[in-house]
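Structures are listed in the sections that come next.
Two complexes follow with subunit A in common, the first pairing it with subunit B and the second with subunit C.
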Partner chain A sequence: MRSQVPGNGPGIVTLRAVVLGCLAVTFALPMVAVVVLALNPGVVSALVGRDVLQAAINSAVTAGVSGLLATLIGAGLAVLLDRTDVRGRRHLRLLYFSPFLVPPFIGAIAWLSLLGPSGDITQAVSGLVGSSEPVFSLYGPVGITALLTIHSYPAAYIIISASLRRVPTSLEEAARLAGAGRLRTLRDVTLPLIRPALIATFTLTAVSNLSDFGIPAILGLPVRYYTLSTLIYKYLVSSVLDNPLQVVAAIGLVLLLVAVIAVLVQRRLSRSVQFEADGGAPPAIELGRSRTPVSVVSWAVAAVIALFPLIALLNQSLIPAPGVPLTWQTMTFSNFTDAIAYPGALNGIINSVVLSISAALICGILGLAIGSLITRTRSRTNVLMDLASTLPQSIPGLVIGVGWIIAGIWVGLYNTSWVILLAYVTAFVAFVVQSVRAPLAAASDSMEEAARISGASAVRAMIDISWRSALPAAAAGALLVALTAVRELTISVLLAAPGTRTLGVVIFDLQQSGDFSAAASLSLLVVIVGLLGLGVVASRGDGVDQSAQKAVRSYVNN
Partner chain B sequence: MNVTYQGTSTGVHDVTLEVADGEFLALIGPSGAGKTTLLRAIAGFIRPQSGTIHIGDQLVSGPATWLPPERRRLGMVFQQHAIWPHWTVGQNVAYPLKLQKVPAAERQGRVADALATVGLPGAEERRPATLSSGQRQRVALARALVTRPAALLLDEALSSLDEPLRHRLRMELKELVTDFGLTVMHVTHDRSEALSLADRIVTLNYGSVEQVGRPEELVANPTSEFMATFLNDATIVAGRLVESADGAPEFHTDFTGARLPVERIEHEQSASGAGTLAILPNDVRVDGAASATTSVGTVKSVLFDRAGYDVVLGYCGQDLRIEVSGRRPLVGETLNVSVLRGLFFAAPTSADSPATADPARPRLRV
Partner chain C sequence: MIDRRRLVLIIVSAVTAVSLASCATSLPSAQPSPATGPPASEAPGGEAPSGEITLYTSEPENKITEVIQAFNEDYPDVTVNLYRAATGELTARIASEQEAGGVRADVLLAADAPTFEKFKVQNLLAKFVPQEAKNLLPSVVDPQGYYVGTRIIPTIIAYNTNMTVARPTSWKDLTDPIYRGKIAMPNPDVSGAAAFNTALWLDTPSLGEPWLKALVANDPSVLQSNGPVSQAIAEGQPPLGIVVDYLVRDLAAKGSPIGTIYPSEGVPYISQPAAVFESSANKPAAEAFVSFLISEKGQKLAVAQNYLPVREDVGTPKGAVPLSELTLLEPDIASIAAKQDAAVKLFNSLLDG
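The block that comes next holds the complex of A and B.
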């Protein structure tokens, strides 16, 4: 007798057909659009042009170096925060994690107001050395690399920390019994065991930095330093090319291939070392006499990284013009009112709120359906659904944006809010799928089987048992979609038309047009809303630490 | 209940079973033997390629018939209890009634009754997370019984519990089943559980039935080498059965080539040829004086057991597993061993190793 799952009944078949139809629109359509337009004979010459090659080199350098730095910092933090007795580990962890909660382009705006040519720190240092010219500036490759590092090391830390936790304690204990000290054990046993995770982390952060738009746009465009992602933007908004869409699609296809290769590499690596059981928490490495100095330095660095951007934004939004010192006399709230009054600003806020809530609702329902189908039923289309829903989180946002420009033109939705909404669903449905996948997969088959035996049909069992128990996870995933979408820049900047600009695009335009104070005021609002949102997620139970980790896991897809 | 399978692919093949009303049937076998597959086919989670399954007079699975699990009127308890964590105990137990559209008022009473039956009266409002593993399994049992099913299927239902709780639930289950006259099919990998609970035991190996019988029969008269080892921890000696001068069969081991002193050899058909001799631990005596039918064995290891001592003897070049009561034997001590009975099983005629399932493998009877 062959094991054979009896027919799931018409209900499941219908559900699967509907979900596949949705994914055909959200995933297949934009990807096909990119490929169709990219595979154009005239494109190769444009692709090997000097501009594109230079931008590719710039991208590789900034992404590669920042990926490496982020991995090193992440590994260092994982050991420091998870394995030593440094003081106040819990709060230190939150501070070090904070750059993840700030959208990269807003981080760039904030640091620029400190370290830009007219930034407060630059001015102070220039004054100290007696130079009338700014002695350094965040514009250019070094600044871009630094900012990419700051915004990607938290994710690196979370991945490495998770893999560190998966190392069975018994392996380390065996090394201790064999005569190795704690540090020796760390070096000889623990770190070699997580080497595949380190390589995977580097791949992931490098590729995600490669596709970042906000940081190279804000720190590169003013000095004409282009990466592939900003070059795409430049081609699309200026008319330097006759066939911008085709060239852009070709660049997008290259980025897409790099992303797919990275995903494959990463999957392979994560399969190479499998530990059977979760290790418990091993005893902390005692820092001994260096405990206090190490703690002081760790806290100082954390404070700079977490608080300086916030202070900078606050400062920038309270002064009348960049470079003016903040005093009780100069302090003004007019930047906030100006920012709101800026043409399109209020509209942008409303657009973003409406779009992000709609995207969250759609992603919540679709993600729950996809998650339950791929975990609770067996079908050949499961792999397809899995890929179509979760691959986009490894695909650069720009590629999704470009895909929807083309697809939007095809279906006649270009320049409407609908196309932005569709692109958000493409990009973010993975958050919900990843969020519901774990609880759904962890629930044993017998949960639904018990319902079947009790008299429920296949669909009824799925809805009554699996959906209901995965509902909190779906809601958390949807909230994450909303929080991400409301401050999204990369996709929106490509798809926004004058009437459909989003909050991120408004801030970006303000910054580009030199209205730094207004940009900072809106940025501050975005950061505060983001922190409050995270507070809501955190208050739903398991603490900021875990919800932050969940967030990252959804972002970086193990 | 009547189950018939044909088919030769992996899983279960050629099983014919009839379970009487009110019978407690245990399905045992090593892991991978197909016992859970068989149970899940009866439940309706797996569709057999061929054969038929009847529940009562109703055909639920056949070449042209297929009833999904929800329409088979069965109750089932799973190993991991499968209590739905998002509902209270009462909601869990009421769910099957709700699907049967039993009115709310009646539902309440029946849920209360079912919970009282399993020893959890008044637990309706409790959350599953607050229950112990034993209590969860009781809730699962209440949920399975609340609709008064045609049969109760237990899939390793007690296996996730720790002793002695497991033992207590075993007793309660038996009592409940007897009181209500339930028909039960119980899958377990625990031999002693099957022996203590079941009216009849079906032993599966490589997807087919090895032996069916009352617990007493299975213990006293295993019908194959597998049954002798799986259920009785018999010692298996390879050798040949030859006819002796006085006409009684003798067994010569391959290891020494010499005759193994056994008082009585039970065998089927061929009184000679290659095969194995199974010696059950209970069929060996070590307390007698030396005689013509005894031989000397040396104690190699001694494990304490509730019934006495579980001893391994070095005996005629073999490791012989026996059970001894009374004084604790000492390691290295020599004992006079008399083997009262040996069960001879002729070697398979085909060259197949017993590891591959071969439907043509001869079944030997003692």
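The block that comes next holds the complex of A and C.
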């Protein structure tokens, strides 16, 4: 299938050398840094210490359970939204997809103001049962697991939905002809066929949740419940250890190994999910008499999940002071004006915008070059380039952050914006590579050959013909990089320094220092801008569904 | 197809222009000042200070923003780069910067004298006594001349005015089982004031280790820093807490149902000292900033920001008990400095145990 131009002119050789050089910096340097610092005999004792073990257990439990729940919910939604005749499926799908558009740490801030110890819902329920104590609280493992689930099920749904679509309808039809009911067919024919996809989904979401920082930080730190990612943060920002970098690198190396194993499992499973034929549109499962009740419940749940966080953020942003109920008289917009007036916040916004645009640009060019080299030329280094550019997608952001702290100190860029930019490129170049791979592989050789015959050099032919055809895909990938980077927290929180704090870090710090209303105001702005941004991507003609799916495919596991 | 391609080209070229321009301007300036600031030797004595300084502080973002604005009215040529974090995070950052080539800040404004004593011993601070130091309360001025206190920040008991149980009147009361699970307090790993208080409570004969054990046995919520503690009390969950006084006045002024109790044994206080780092490349501007903090103008602003001032000629904040009427737990700075780490460790072990 893959078409390759055998002619490797000197230009291509130069291009390859440049790209390999870039990858040596963006990928090899931080990973080597982690390994070098981690392989220190002194850290073993720290690694098996009580704190680290407890945090590892907490991480495994919250990530494992949330991965499982996300997979189950994703599978349920895939059946409900893709296979039944529930009312308003298209819009329902968008609502259920919405948590994906909200950065996880902002989701945590929002739900906390509803379900925290003094959250509005908590207070209402406590009042109903006549308790002066809060009857529940989002702080701790249950809340962390719930929030991780909410923020990872949309990705699970997209993957499962895609594999469900590939199930050959003929098999299901055969079962129906043989007399099996619809549910029985689903259980005995469809589910076994997508089981590998379910396991792959679980692996992906669990590993991705393992590396999330925002949710366990906001819901765990206040009650001193640590996961590996928040423990890394604690070690780096407070002076509890003498050799924090070494211990942190060792934890990073363990996470790195977990991620690599997950990638291997994932690759193995995805190979076994290939079906012969494309599914075609299966007949909808008619819900019959239960159609209306099922529709009402589905819409109600979707509305809660999509709208409550927004309402909560708005509520928290409009109250003048904590403990004051929101009424028309007390309502104030001063939190918005105050939050934006902080030079810190403004600086954070500028830093994030500059960093995300720069990262998008670099990733766009580098990704296009990598994509065309690995699809259009033949070389032993292709596999290496492929791995170095796409593996970081599966590596927890924390490991990349830690790698760049160490590498940053080595090369003297620590505490500058450059180190954050480099880390973003490491983490996000895969978006562009994945996005340009298909159009580049599909392009025919004859055009490039024609260009060569007319006297163009190999590089010139590649740039003029292949790059041009892949440019829309590269731009879409770069836009995705920008949208992801502008709200990034996990990497930035480790690398931010005076003057280089990003928007995510500013919001996180405001929340940590107890300025909940300012944090909520900025969060609301981020969510609204994010929704608008995605609206722009979606309206580019692909339709929301497709661009959302594209987004997820690149996003997942990040 | 052509339209879309053209659109993409336009976007890409616009993005290129914007990001190259901003790369050129913004990124280098985002680097901390030691790389960019003028060397100290070039700043002659008579001229007004100028250039950049970097300030590490634990002050709330909105308050320090006002301070910098007021400072810039007097010193328009000095750019103050602000880095705000909890004291524990600042000390960790300073420690890691020492490893990675030197402290990047010019001024430190945070927490308590014992923290500064530790930095002084490590030779991180520059000797600097502001001219107006003689107008300050003598207890907040370092006799060796390395730092000056800028605000008196007592730690008190705050309560939610909707609280149904009887109000405590002393630190001892907090160990009463009726307050079990109803107390919030800051984490001494993160909060400088909390670390200081823990050492001081242990050093106070009427309280000491038995009291601290009883307090921890009463199951307090140990939140990160003073900010979240004051928020939690204002929201009523939990309704009682140990927190710095000015945050309570801030919230009460905005309408939160929160009030202050001055415990009968006396209140510990920190002086939020300011100092210039020895490694500062722009000492004139750094010194100007420290001097401004304790000047009459700086102190009047502090009072307007609900802080108790460190000089007697600027009044007291609305609703605050004046310093002269407060019973203070007077620390022995050297003793607290020596005991602080052990006190925090003890507190953590009580919590975990």
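The working rule: the second predicted complex is superposed on the first by the 528 of 558 C-alpha atoms of A that agree within 3 Å, B and C clash if a C-alpha of one lies under 4 Å from a C-alpha of the other, contacts with A are read in each partner's own complex, and residues count from 1 in each chain.
Please note the rule applied: contacts are C-beta pairs under 8 Å (C-beta built on N, C-alpha and C of every residue); 3 or more make two chains touch, one makes a residue touch a chain.
Since this is a predicted model, take the numbers as computed values, not measurements.
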- Could you look at A:V354 and tell me whether it touches subunit B, subunit C, both or neither (first, second, both, neither)? second
- Message: Looking at A:I465 after the superposition, I want to know if it touches subunit B, subunit C, both of them or none. Which is it: first, second, both, neither?
- Response: first
In the overlaid three-chain picture, which partner chain does A:E488 touch, first (subunit B) or second (subunit C), both, or neither? neither
Practice item. Go through the superposed model and pick first if A:G514 touches only subunit B, second if only subunit C, both, or neither. Key: second
Comparing subunit B and subunit C in the superposed model, the one touching more of subunit A is C
On subunit A, the footprints of subunit B and subunit C overlap at residues 468
So, in the complex, the side of subunit B touching subunit A is made of residues 5, 7, 9-13, 37, 41, 43-51, 66, 68-72, 74-76, 78-80, 82, 84-86, 95-96, 99-100, 140, 143-144, 147, 153, 155, 207
In their shared complex, subunit B is touched by residues of subunit A numbered 1-7, 9, 444, 446-447, 449-458, 460-461, 464-465, 468-469
Counting only contacts in the complex, subunit C reaches subunit A at residues 4-5, 8-9, 11-12, 15-16, 18-19, 22-23, 26-27, 30-32, 54, 56, 60-62, 65, 68, 81-86, 88-89, 91-93, 95-97, 100, 104-105, 160, 164, 181, 187, 189-190, 221-232, 234-238, 251, 254-258, 351
Contacts from subunit A onto subunit C in the complex sit at residues 116-118, 132-134, 221-224, 236-240, 244, 320-324, 330, 338, 341-344, 350-351, 353-354, 357-358, 360-361, 364, 409, 414-418, 421, 468, 471-472, 475, 478, 497-500, 509-510, 512-516, 518, 540-541
